[in-house]
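Note that chain A is present in both complexes that follow, paired respectively with chain B and with chain C.
And now, the complex of A and B:
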């Protein structure tokens, strides 16, 4: 029996891990993607008062606490059978839109973007936000810092606190927005829109005008034909805060459209013995393993999937860019994983436009922001689109509103199977017999997962917040022949 | 002279502490100029081997956030303790256990059983459970050991200083780093830094009349008066049992304090301190009525110890032993 010795160093590190096994010929025998963390929020929240959940579940993830705050409070509304006043919903959606702008910006400029903007074969020391700034111009760096500051400020004005907001509670929001605060926010949301336009320019000039990048986006190595999931409004347009969940099949045909409360009829989660994280799939199609196609229950819930699952965007500039993306990439749906970066920028445009609309809505200044629940609490599901995928919070309480059961399916987890498949396909496609495994090859394998902007703090209800990753290549003697680690 | 060496690390945490550090904005450039940042997995390439190769005690300052939940968290805590002259527990998780520490009110077995077997979305007919070591046809795969309980950093290694908060607020982080960079003398080991010396109530602008109350309200039940003390209005607010330093942000947003800055100076157990504060506001001398009023507090352990179960005298759920 051949034994793979994993150096003690690797056991000390808390992060995602890719292990690539090579056969005697130096070809890929198999490739595993493991998530080594678990915290157990679902279990330790049992017994807590349900209205505390929007303040407890923010601590699932310090990068996207707003997503958990919102999914959680919507589940609380459902548990108490209470509808928040319109102004409260608008405040929540404005906070949420500002957060989306900030989060998608972080990913595009600091995490995923460098691969495109600087290039996949650039030296590792260049492939970071500083490299992006060098390529796009110093001005871009200060714009990103300014954007993050203004978005954080908007979240804090509505949510009370920037990291881990606190104001959402069953039936509404705890704090009204003053006119003075709203006027400040108007300045921020106008900046969001300008920034989004600037980012469209970066995509256009740096990525789309480079045929090598476009070829890579369209290459089979980075393509999977899966089902696509996303939240849509009454007109089937993309929405982040509320709506029905729509799933389209790999041909783009509607497969199912359901209310979040019915998620258990649609979704199941598969368990593997070598990872702490589960693998969601479409129950009606079934778990068929790590394969794509119409007969496999694997689906994706990413920015690209949300665009695939919808008929368009609800704001003008975003709609225009939506149409342009599909006409450029050969029509709907698009299954090229790397196009997710483009889709993310289109969502950034939508979030910015939506934030500006909401900030201009006079109703947002109303002090009618609470409806006091009167019904007996029992059970509810709350759902939002997190930046990394559809987020479900499902609570069951006793008659005092103390939690009996908690079930969570979070953004990144939706994409767990497809992330593993994308990494595997990239490894098989890029590692060739006898050829040197260069840094560029390993980076391209990482690019397969980075397109998803994975956050395994959320996924495992664990940590860390971003995604430190390790890739190991092990030959048929069990010798580790290449290791690559990165922080985020 | 070479620059002082700074390391930042995250164990079992949410990443919010890292965002808080980045939130110091322009100041981060001063920090980067003053220190030689030798290790920061969130923002720089992971150089674990470099840390291991360092001389013991060669890192001047290590800011460690996150609690100790798995075998790797513990190993990293031990390694960084050995390599660092000054080890700081940064944020509520490292200091007190924070929200992940609520897991000490349940057990490892209950957590695993729910996640992999009982949760309604799980489809697991063969009863599969993740294993620390698992043989696949091509070799063996490993994942770390999930511990029975959550521990604070100081429950694993000696800690020099504590910076509380979930997360520590940016102005406090700036204060601490500025003082260090200015060469200010270090406070006595074991001190809490980057926080106030009073309670959250001292930073709260609400009027407190220390009213006696007949019943408690949960936050969703009433719309509180925005100018009056929340506790006076019957809403459990941990302000009296919480260290100052955050600027009373939650209370200013009409939400009660939940205690993320930890116990105030000279208080060992935050929950016990809060119980004594509650005892003084109940408007009754009749033991039965007092009991009735206290019974209105939903989930006392999870409320009074929201951020501090592992560091508290409770520490964790005791397993019932029957004769």
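And now, the complex of A and C:
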């Protein structure tokens, strides 16, 4: 029987590539991480009415359309100088929290989880979500499916559709939430919280009770002392939908806290000849190359960075787990890249608790959900925390609201330099002279990459929501001695 | 700009068959699945038995949307450097393999189907995939390349006929 693998690698032209060069002694001489970039999406939107952007930009990425919908509508609010009513903001945040629960769930169980739950050396055919289910139990699979169904339903009730929501408009939302819809959502958000507790149990029983995994998390191979970025509320607690952006230095001290509209004053972009994607860095520190430490402007914007950049979580169970993570991993901030998976689960807990809070807020039933824009449109920046990093939409329009300029910095772009550094360090740490380069070694190098949940589809603005990856090892004669390819 | 989905809406009773047009109509030829699916829907003898969904999302969403249907048909863009653009590649759910290891951002059809099966999701009795070969690199903007646009009618008619009488026809 002919077997056809239908996954994105068969669909897409652009893809990421890790190339590891060895020297005459068989040790790593250099390592490059390359992705294609097409800034086409930004060009494509110029000339269109800005209010179309919340619906157009959901097509940038099939995995996180809600993040683009929210960042885009916030940019539209700013372009039109209009403040949405409180109920509209709460509806948006509830939708967004449900999305976060779903997105982080899929990453933990299907993408990051297999490395820890099944093991980095397990055969590739077993190192997937089905392997996770075999190890954790069949009920985990049922719970994941049920969770995603309920999260999708919540997004659909508020956003009008399961994927690619459409209801956020400049100045608010297109439709209020009925009491019946809210009552249904209450059941879903309670399930989110129960599911989050179940996932904490998986972290505890499967990951933390395995000393080999904990050693791997703590190893220097997967560690970089960088600046950390994340959005915080008025109390410096993690917030996904709104707030100021805070950056802490590698020691955890506040370096800068800024309004998203000022992002160009804080961030610079470095260009390398071997990569089309730019490397953002902190302007005040400067670009010092692919190095970590306080003197290097490289920063990270990941779930772990958000926790590092904040003073805590705004909900009780998430706060409890936040404290436990830092106490287990030796204090704050944590710079172990693989701890990002644990941080992601803590964010899942927060998103679940926050969704349950918002669903119980009676104001969310208000029919005052939109302030009609009256000001002349000009320029605005919208920002949210996407699951994989801080997401900026920046629009400039003419007086009719037609777009003149569009600039997007997506979550993964923030982490481009640190991803390159993490892969490089893992390659140097794991490939040794004379030792066989096994599939497990290559997978561990890829783990350094996977922890970031990178979306180079939208980071490169190239393709919708999936990115094949190729890892190749080239010896000193230029011969390719190992290669692996995968979808997404 | 929005997909021309023809489902009865969230929460409504589902019809027996689901036709999925997968792909991004803002990314040139990547949208061929959605465009062909729209045309297939127009050509169906019994559209009242079908729901049409355009999904520009990860395979997990596509599989989740299949739950509860008796038959599902997915039309998608496919890169195959050996075949000319417009070639139609056919596959069934038995042909789809699981991913070869954990991916980095979204899971493939094989793993999504495996998860759905393991979790007891009521999957259709039959799932047929139609991959339409496109030429990369994909571009931004609505509309297909001339080469592919010229093939849409023919491909849609071919698939619509198969849905009525061919291997993808409903099993009674």
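Criterion: the second predicted complex is superposed on the first by the 469 of 488 C-alpha atoms of A that agree within 3 Å, B and C clash if a C-alpha of one lies under 4 Å from a C-alpha of the other, contacts with A are read in each partner's own complex, and residues count from 1 in each chain.
The working rule: a residue touches a chain if its C-beta (ideal position, glycine included) is under 8 Å from a C-beta of that chain, and two chains touch if they have at least 3 such contacts.
These numbers come from a predicted model, not from an experiment.
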item: Chain B versus chain C as contact partner of A:199, first or second or both or neither; value: neither
item: Partner chain(s) touched by A:153 [first = chain B, second = chain C, both, neither]; value: second
item: Contacts of A:133 with chain B and chain C, given as first, second, both or neither; value: second
item: Touched partner set for A:449, first chain B, second chain C, both or neither; value: second
item: Partner chain(s) touched by A:115 [first = chain B, second = chain C, both, neither]; value: second
item: Chain B versus chain C as contact partner of A:144, first or second or both or neither; value: second
item: Partner chain in contact with A:418 - chain B first, chain C second, else both or neither; value: neither
item: Partner chain(s) touched by A:280 [first = chain B, second = chain C, both, neither]; value: first
item: Residues of chain A touched, compared between chain B and chain C (which is higher); value: B
item: Touched partner set for A:189, first chain B, second chain C, both or neither; value: neither
item: Footprint overlap on chain A, where chain B in one structure and chain C in the other make contact; value: 2-4, 6, 10-14, 38, 40, 43-44, 52, 55-56, 59, 62-63, 65, 124, 145, 149, 152, 161-164, 166, 457, 462-466, 486-488
item: Contact footprint of chain A on chain B as seen in their complex; value: 10-20, 23, 25, 40-46, 48-49, 52, 66, 69-73, 75-76, 79, 98-100, 102-103, 105-106, 110-112, 114-116, 119-124, 128-131, 134, 136-144, 146, 166-167, 218-223, 249-250, 252-255, 258, 298-299, 302-303, 306
item: In the complex with chain A, residue positions of chain C that touch it; value: 1-3, 10, 23-27, 30, 55-61, 64-65, 76-80, 89, 91, 94-111, 114-116, 118-121, 129, 131, 136-141
item: Chain B partner contacts - residues on chain A that touch it in the complex; value: 2-4, 6, 9-15, 19, 21, 29-30, 32, 34-40, 42-49, 51-52, 55-56, 58-63, 65, 76, 80, 124, 145, 149, 152, 159-164, 166-167, 169-171, 174-175, 263-264, 267-276, 278, 280, 283, 287, 370, 372-373, 394, 400-402, 405, 407, 409, 457, 462-466, 468, 474, 478, 485-488
item: Residues of chain A defined as touching chain C within the complex; value: 1-8, 10-14, 16, 38, 40-41, 43-44, 52, 55-56, 59, 62-63, 65, 106, 110-115, 124-125, 127-130, 133, 138, 141-142, 144-146, 148-149, 152-153, 156-157, 161-164, 166, 443, 446, 449-450, 453-457, 461-467, 469, 486-488
